[in-house]
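Shown next, in structure tokens, is the structure this report addresses.
Order of writing sets the labels: A, B, C, D, E, F, G, H, I, J, K and L. Residues in every chain begin at 1.
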């Protein structure tokens, strides 16, 4: 197909260690059901605090992937 | 699972009565197929007008929910 | 149903010719599996360049459609 | 006319009771002189405070209406 | 007058063919009653969909024009 | 004082019933220690969900108040 | 009237001397036809350059004014 | 301390003469109780109008200052 | 208390090593005087450069915490 | 080189015919001196008006290109 | 050339006296090497503070200028 | 020179390991030709994905540096 179409979904990954790890977690989870993930963009970085320390990094990403002709863009 | 992953979807609820009711309608509808809805954020508040009165409130929300290991992040 | 609920999905259409064609491509692709598409909004217009010419227009759109009672808002 | 043109004006409605009432007030007032109001979008929600209570809700909306061929888009 | 003042109005032009045509339609319509239009800025590009095709492009523009001393900035 | 100075603080009020009630709660709480609250602006509207219903509205507001000469702008 | 309604218009004032003067120019001009101007907000500050010097400050403001019951919110 | 921490507060200064003077007023007032102010950023420029003239410039600034070890980041 | 109120403050943490460390520094410092910190959101990531290397990461966060009934929302 | 670095420049292309043509003009011009242009993003779409018609489309794009080791990132 | 191309660069001018002077300084400096500066837009207004007074205004502007056929758009 | 002028350029650094490393890469590259880099600001964080893992972090930064009197602000 000459003109591919991509779909973007929005995920929030979490991690106790780093921003990068939270992004990795989100992408790994999406990869279990979507095999053609192509790119991501960080939308927001938040987190929760316990006793004066960062307990959990929460990073929201938009993830883009190609929609091929057999897989439906189910809503 | 120690590091949960969330997915966000975007819905527009409508109501003839109030902003809160439009949000409720969107969440109730999503709950029919997604049982683990966790939080929402209002993205936009619009509406249509008929004869100088608000006919319909249209409130767009992002709704977040946990993605467990058995349910797929189908696109 | 008196108070309809809509879902919005985000797609990137591509085209070698124009912005309008890229939007058309994204909507045609979504229409293969979603029959009740209602409106769209252009979110971003980007593209790739080869040898000093636009090779591909990449236009990201949000597409809204009614969620009826039988079709699930599957995530 | 096949390709209608709309004009948008910006109004701030006020109310002592609710956000919805402030929007209604703005639209009712505009309707006194503009009979073809079609849609609105909430732009900003502010208010004034007296003795620790909300005294007045101030909601700014953009209101769109069709410009027909006989009515001028007077500035 | 050494220091001119401009007014900006917001219009949504529509077209079944292209973004450019929708902008043209909005400007042509404004020109019927405002003869000194000077510049425009695209604010938003949306559209409606029918049966998987773009039915109508809806492009919102801000249009600026000089306010001379005889013409009032009527609200 | 001819040229007053205002300070703005950011609060998130919560309510199980409505957006307006959440704003009221935030302002009432601030009024316990700040007697000269003057205006507010809604910054964000979020909420939590339990079993497909809105459990809690969470509305973030900026609240402005006059800083007089005796009260310090303590940080 | 207990719940006043305001209208906002957008103007660009110009000046060869300062930002403040450009805002003053826009408001003075609007005051020729609108007697109840109440507040303004600076939206954008631009300018033109001639031979390495600022030739003209161009400051765009939104100006709000009360809409009374006799004056129409003509579009 | 090798890695200093700063706090930002938001103030609105007012002036009948200029934007710069309104900023100065806000900073002078904050300096009465906070001795280590370091930088500021203009967030918003508004004002009130009386009889077609700017009566008061209202400039909102974020002001940053170092939080030393003895002074508390009291809320 | 059924409807808690939260306050948000804005801090800039700094670090010579990483973004995460700068956030940690800001939260640790706030924790010295505020014991009920709950969540944070990254607002801006900047830094200073010395001899072609990042010398200091400067990360601005909004930090939210519950305001209980005995602690005042002092300004 | 395993970790390429890109530079982005901002250009405004103009055209009497279309948005796409204005983007093409900007990219063709940049290509005269920069041979490795890679991608672009539309930042703003404006234009000038003469006698009720669009006289010139003015489209601002950010253009990205790889910075190789021999070519300097001259400022 | 019928369809000119412009380039935009971003500069921060500084001044101890006013916002306008900081913009002038940035433009004068750019004019030393770029003779065809055409327009500017204020992007951000910040400053530094010493002993409770504004020590330096720091105003960031985007400056546009025509790219002629002999001068290269060097990166 | 009492009132320095700064220039800002926009770069995208890439890295297979972390966000911080991508920023370092961009700054090191710019330092090869620009010796007076002063500060940076992260504008966007994106990346590419291969087989469900982050393959490349792509971080766009604005980098500021002093423009001295001998070095030209070449465009």
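Methods note: contacts are C-beta pairs under 8 Å (C-beta built on N, C-alpha and C of every residue); 3 or more make two chains touch, one makes a residue touch a chain.
Here the structure is a predicted model, which means the values were calculated and not measured.
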Copy-to-copy rotation (chain G on chain L, CA atoms, range 0 to 180, rounded to a multiple of 5 degrees) logged as 120
Interface copy of J-L among D-F, D-G or B-D, with over half of contact pairs matching by residue number, is D-G
Relative to chain F, largest Cα-centroid distance belongs to chain J
Per the C-alpha centroid definition, the whole-Å distance linking chain B and chain E comes out as 33
When centres are defined as mean Cα positions, the distance from chain C to chain J in whole Å is 25
Chain B and chain L have mean C-alpha positions lying a whole-number Å distance apart equal to 39
So, in whole Å, the Cα centroid of chain J is separated from that of chain K by 20
Shared-interface residues of chain F (touching two or more other chains) are 7, 9, 18-19, 30, 32, 67, 73-74
Every touching pair of chains is listed here as A-B, A-C, A-I, A-L, B-C, B-D, B-F, C-E, C-J, D-E, D-F, D-G, E-G, E-J, F-H, F-I, G-H, G-K, H-I, H-K, I-L, J-K, J-L, K-L
Chain E contacts chain G in the complex at 2-10, 62, 64, 67, 72-75
Touching chain I in the complex, chain A uses residues 18-19, 44-49, 51-54, 57
Per the touch rule above, chain G residues touching chain H in the complex are 18-20, 23-24, 27-28, 30-31, 35, 37-42, 63
Note: in the complex, chain B contacts chain C through residues 7, 9-16, 21-22, 25-26, 29-30, 32-34, 56, 60, 65, 67, 71, 73-74
